[in-house]
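Consider the two complexes below, in which chain A is the common component and chain B and chain C are the respective partners.
The block that comes next holds the complex of A and B.
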């Protein structure tokens, strides 16, 4: 399979004005502004295959959007190179524009006062689409996203979820090979989020669109993407499957035990007692050091267990931990 | 194919401008008020005189009808572009297969044509009621419309240039304010340049600002083919020069643009 995106040693540094507090400092800054260099993206490399669904996550200011913007030709890198569909976003921005689609959760592209259909028609002209083909594609997308009843109403009358579905159709009209989604589910309710996720998966599968998604909602990532790239402070700190994060970082499990007989304190490698009462105990287990089976064997042998529950560390916490490294 | 693209952009803006009916009505009322005030004012100033600096009272007021229509035809281009650069909304435009500046131009012409005719209609009604009509040669209509179109284009170009400076300066509003006042005064929007002292008239007449307001409006009330051609040439020169600046500045800036908010 071809790689849809390849990024090599990409680096981008911003110069931002810094200013100290106070009147005299502000006055000084007019004549001699201080600049601070910020490495927004620092020497990152990765490859995305055609048809992959990749989540690009990281804390605020980690460099996600900057990377996406470089990939879509909006920003220019200082060093390194990137290719999207073997095009160079820096020099072939216009050609690239025909092949990529974008949905920015926070920057709507639909005309607010007009029905969505007007925006669709405009985009068909902007992307120089053949009229017949466009009509066919538009109708099938409209059906897929179930917005038949919405496209003739002014966009301002739609709910955020309905609007978002229209935004998706708008960005898919020209049949892009690569789709950039920047926080597409921001501000949506649980049910709508789920629909949007299903739709993203559907587009990816049916049209073989490569999807790059950024989100702060880990559930988005868990439910949509088979690959996760975590960036922090401009660097890639993790690149792999979501499952691997779980295996690698979710070694800790919490075990709660209720017993009919009093529980005695005990010691076992990789097991830590978090809380203990006479008839109950809470344990933190590192499954790399002790197998769950061994622990449960031990517990059942020494106690009459009434109830037992095993919990994993929430993924959010794991990701937060990765962010903080 | 490329041209139809921009034509469609203009069209959708034209349709979209109907969404702001209240805005349009409000500005129409304002235009009507200004014209009414100026009708009363010039009646007093003219007193018994037939001409002031080569203008009759009806020329003076129809001149104002024209300058008002041209200058108010376009919205707040400077703020619009400045705001899009500042907020990072520009990202939505930069990854599309069109040129951002042409996109903005097409949008504003779409809006502008509609607003021009609306303002012209409202202002004409006021002047017709309170003063009377003006006779213009039929043959002048098309040449005047051409210069009006170029005037709107030039007006856009200057505002776009100021807007693009938002890449460097934080606030585009103040620049818009200054520019507006320049067009009001030495652009000849409120008063024809003949009213000024001779030296100021000469300087103002060659600056681009007067090709937005003064020259096209003067042509409207006092048409001659020789002045039409000279206005046309200078408008085209200024549009070319300013466009060149816009593209230079934009090219440099886009390379080092740091799209805010990400």
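The block that comes next holds the complex of A and C.
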């Protein structure tokens, strides 16, 4: 398979003005601003294969959006190279525009005052689409995203979730090979988030569109992406499958036991007692050292168990731990 | 051509969305004209002259009717759009399209001009023809007037686009825009005909692009020039369009490089 996106030693440094608080400092800043260098993206390299669905996650200011902007040609890198569909975004922005679609959760691209259908029609002209093909594709997308009833209302009257679905259709009209999604689920409720996730998966599968998405919501990633790139402070700190994160970092389980008979303390390799009362006990188990079956066997033999629950470490915590390394 | 009409339609449609705005803008021009009418009537009455600076009272009033008409037709605030877009980062969306930024804005601007023509200019024309007895120029000068206005629409766009480009460096250009509006009201001949200025000023105006926006088209309509003069004026107007077009193109390249280099 060809690589849809290749990034080599990409580096971007911003010079930002800093200003102290206060009136006099504000005046001073007008004439003599202080500059601070920020390494937004610091020497990152990765490859994305055609048809892959990759999540780009990281805390605020980690460099996710900066990278997406460089890939779409609206921000120039200081050092390094990137190719999207073997085009150089910096010099071939116009050709590239025909091949990429973008959805920014925070930057709507639909015309705010007009119905979405007007924006769709406009894009069909801007992207030089064949009229018949466009109509066919538009109708099928509209059906897929279930926005039949929405496209004739002014966009400003739609809810955020409805608007996002329209944004998706807009970004897909010209049949892009690569889709950049910058926080596509931001501000959406749980149900809409789920719908959007399903749709992203569907587009990726059915049209073989390469998707890169950034998000703060780990659930987005967990549910749709098989590959995760975690960035922090401009560097890649993890690049691999989501499963591997789970295996590597989710070996710890929390077990809560309620018993009808009093529980005694016990010792077992890889098991730590977190909290104990007369009839209940909370344990932290490292499943690499002791299997869950062995522990439960032991517990049922020695106690009359009323209730037992097993919990994983929340993925958020795991990711936060990776950030901090 | 598809892109062009597509984008200009959007400008047109956006302009027509808000009906109240639409109807209020209909009475703006008649109201202003009433003020000018009484102002100049009293000026002529007190001076006792038949002709002031080459204009009779009737011509003076027609000057303002035409000034409103041309001013409405060439009205351009793309610099404000650019300022907004750059400040809140929406230009990013425009840059992601396979059409240049300058072309996208031009199409929307042109679409709005079409709308303006239909809802503001046609009413003024009807009213001036039937109620104000505005004398029509000869067919030839009428055509030249239309051409001059069309060129003024282009000139104003490229000039305003150049002003708007400064926002890439300054971020906020409201101050510049206000100064621009105030200065241009004089230099275009919107407040008073340029012949009212001292001769020294007038000779300077000749070398500026601004008189081609309003003063020159109006006086073509009033047939204040000989045909040969009109030809020269229209040629200079065209040269100015080309100059601002190239400035706009070149500076935009720099602006984009600045934008893509530093981010916003």
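Note that the second predicted complex is superposed on the first by the 310 of 325 C-alpha atoms of A that agree within 3 Å, B and C clash if a C-alpha of one lies under 4 Å from a C-alpha of the other, contacts with A are read in each partner's own complex, and residues count from 1 in each chain.
Quick note on the criterion: a contact is a pair of C-beta atoms (placed from the backbone, for glycine too) under 8 Å apart; a residue touches a chain by one contact, two chains touch by 3 or more.
Predicted, not measured: the structure shown is a model, and the values here were computed from it.
Student: Is this a clash or a fit when chain B and chain C both end up on chain A?
Tutor: By the criteria stated at the top, chain C and chain B clash after superposition.
Student: Mind working out whether A:232 is in touch with chain B, chain C, both or neither, as first, second, both or neither?
Tutor: A:232 contacts neither chain B nor chain C.
Student: Should A:69 be classified as contacting the first partner (chain B), the second (chain C), both, or neither?
Tutor: In the superposed model, A:69 contacts both chain B and chain C.
Student: Determine, under the contact definition given at the top, whether A:126 touches first (chain B), second (chain C), both, or neither.
Tutor: both
Student: Shared contact residues on chain A, chain B side and chain C side combined as an intersection?
Tutor: 14, 66, 69, 72-76, 93-94, 97-98, 100, 102, 104, 107, 109, 111, 113-114, 118, 121-122, 125-128, 154
Student: Where on chain C is chain A touching in the complex?
Tutor: 2-3, 5-7, 9-10, 13-14, 17-18, 89-90, 92-93, 95-99, 257, 259-263
Student: Can you check the complex and tell me which residues of chain A touch chain C?
Tutor: Chain A residues touching chain C: 14-15, 40, 66, 69, 72-76, 90, 93-95, 97-98, 100, 102, 104, 107, 109, 111, 113-114, 118, 121-122, 124-128, 154.
Student: Quick one: which bits of chain A touch chain B in the complex? Just the residue numbers, please.
Tutor: Within the complex, chain A contacts chain B at residues 14, 16, 64-66, 69, 72-76, 93-94, 96-98, 100, 102, 104, 106-107, 109, 111, 113-114, 118-119, 121-122, 125-128, 154, 182.
Student: Within their complex, state which residues of chain B touch chain A.
Tutor: Its residues touching chain A are 1, 4-5, 8-9, 12, 15-16, 19-20, 88-92, 94-98, 254-259, 261-262.
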